[in-house]
């Protein structure tokens, strides 16, 4: 028996390229945006224009935040191996793990778990508040952090948060994950004894979950947004290089201490 | 003296996130598309809507082509390390080198070199034909391939080629790189003795060069498009896994031959 | 205040290169083996010759196992981007995650956790058996797998297991992690109701833990061993290429199925 | 016709693991060193003990040089994604490109090209000097650098150079690539008008070429050595973290400049 490999993404023959069952040249190029296509490739369903606007708002929100570890890794790898743009980009993306880019996925997943366990979606704010209160209380009892709560710089308000909520409302996509996250924002002070902001990466996770995107791939959208941001960083590095200065600054300030065997 | 690191991309303080000198929440989210922002981050200039449409057409054209080596590498890495989506994505992008994704950059660069050396941009098709004829003749004399000429599957016509030319024309962005590439399409048979199609990846390079994007980063746009395609591949792998079947097919058909020292 | 970056690894001035407090040229090159240096760099302590022999036995045991996912990813990335050996190697290593290369780390960590919780190290086999019995019983109650138990191919005996135990004994390095793992091998049938082999990757984890290597870096040694194996794979790919055949086999056996929106 | 994939590396059945035609457990583990196995896997030939000593001296020479870009990239990626040691290691290796780790390969290749073109290997120093003089003269005429000549820190003498030559002599492996490189060291001042040191990475390339290792994989050995060095860096990062200080130092010293559209 010959092995077969099913796919519904791209294929081609001598005259035609097919993607998602569409004719790539005639039906997609010039007619479908890049964010729209990404959503479609992942879900196999063409998103509405409202969904596209919310989805692209998330990608815009996550694209770049200056000299993050991912930006530094990409620039310094480009310094070291300028012949391989793919290597610099990959090195930057490899920092997209649990600590800096993982919040989007962790928050979406946390909210989804709470909703799934509840079984029934609340129908009003009071219902979401009750669900949120139970979830925050349990997290505290288990000494766990709520993903998406708090931010090292935006200690009072992350400006992306109200804006993304506003856009979701405008597009009629203010769904249960986001409503639950907002409820967490309302109720957590009474459990934790202090008020933390809902951070933007977390709201992005809530919104992506409401869009029906696969939970196990939420981090992937943060990575795609960051890939675009890293192109911006690499273009700036080509115009105004700083990676060698970073390297020199580390090297020059190295202090040699004798090894202490463990 | 303290080292300083200049940037014009992202920065933030307690209340505000700034990107490209814009207020991220108020001015960009919900107002600027993802492709538009990418173009802006790379060039520091907001593109026109015509430029966005052409740019996104390129990204759509390059996003996915089925079971390419990059798709196989991403899926098989995801099989092996499902805990690290960033690793699977990075592994896929690392195949974006000279052989499979490099044509876009190589073609744009080749056309740009020819135009730069010519000094003056031709004003009509006859002028482009003369320039193209000289370039193809010289490449043949130097036994070099013209990047973007020919395709292993689309032996007569790559369907992306006429479509992308059409879109560039519709948007008034039918520039000198693309016109030179079209001229190469017209004149090469009289030098090479056979007729090859202009491939889509090459046309993408010509179009990106006409958009004024940095020559040294053209490969980066192919990589960004592919990053989106790889999310599609990973989502499909989550729904309908094939990586283990690929692995088994290779492993099962391994034939052990005794080592022959070199 | 200027930032300072302490290190005890490498440094250099105009005339001298220092590594681990040693003169690289005079004290290390030609006098210290590669495995020995690796151990030393990680622990900051020069290992004994016995430790080096056990450590290198682990690296030899883990170097290559044929057409694993990591080997396929490295070869297919090399096919696609032959200009970047570092990219092919990196792509291969990125498969070194939880599923295929993680057993070494997981097993070492599991054994270490059991020993730490026990507080006191048993002094005879009966003591290790009691500890093992409690650990296996608890794992079963928590529906968790014991890392290192069982192997998809070596269903009765992994040949690396008795050999590595023998080498550790010969060198007087038969420590508590390995003894606990052997005890698990003896007692698990009475809990699980069937007899599974101790796999080689797990034994490697036990042995590395007994060598005092840092628990949080055990996976790193499996990756280093695999890096050497991947050089072997890439050298073979240069001599006898198969990556294009793998690619063609997948591409040719693709079956296009219409997308089904989620 | 079923596709077959030949290999002479690893394979296994229920009872046995074979590597390079040897029984892994009985013939390799505990009997063959890690460097020795690496050489064997790449060349399919078991090296002599002299070859192993020279080969491991190269790996030791290249393992670590402090806070290089590769070390910074690995540490900062580990900071950002501590859940993925493989990602941090891969990010570090991706800096192993043309600029920082490429000298070894470039120098070995350059020497090999000169020897191949010469056809006949010189038999005495005078012959090597004549060949070197022609090669340096031609490189100067073509405005090309000689790979391996000069070093940013070791402006007079790279201490690894005489030591590696000494080890090669001790082991009777002082071959034509190394002799040609030494001749370049003697004759280049009369062509270039100044005296540059032969750097250690270049000598490593000459020595690896003399060992008969495949030219297209020389960079791979520098990468393997660096992989071991990166484990040392990551272990140190776990004990004495500096990556967050590097990140903070870059972030804190960022200076925002308004974008200037290209």
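When the chains are written out, they are named A, B, C and D in that same order, and each has its own residue count from 1.
The definition used in the following text is that a contact is a pair of C-beta atoms (placed from the backbone, for glycine too) under 8 Å apart; a residue touches a chain by one contact, two chains touch by 3 or more.
Fair warning: this is a prediction, and the values are worked out from it, not measured in the lab.
Chain B maps onto chain D through a rotation of 180 degrees [Cα fit, steps of 5, range 0 to 180].
Comparing the contact residues of chain C and chain D by number shows a mostly shared set, over half of all numbers used being common to the two copies.
Of all chains, the one whose Cα centroid sits at the greatest distance from that of chain D is A. Separating the CA-averaged centres of chain A and chain C is a span of 31 Å.
Chain D has its Cα centroid 24 Å from the Cα centroid of chain C.
Averaging Cα coordinates per chain places chain B and chain C 38 Å apart. Residue positions 3, 5-8, 11, 43, 66-67, 81, 83-84, 86-87, 90-91, 94-97, 101, 214, 246, 249-250, 254 of chain D are each in touch with at least two other chains. Of all residues in chain B, only 2-8, 11, 18, 20-21, 43-46, 81, 83-84, 86-87, 90, 94, 212, 214, 250, 253-262 touch chain D in the complex they form.
Interface of chain A with chain D (complex): residues 66-70, 72-73, 76-77, 79-84, 87-88, 90-91, 94-101, 243, 246-247, 249-251, 254. Of all residues in chain A, only 3, 5-17, 19, 23-26, 28-30, 32-35, 37-38, 41-43, 53, 56-57, 59-61, 63-67, 84-87, 89-91, 93-97, 101, 153-157, 159-160, 162-164, 166-167, 170, 200, 214, 216-217, 219-221, 223-225, 227-229, 231-236, 238, 240, 242, 245-246, 248-249 touch chain B in the complex they form.
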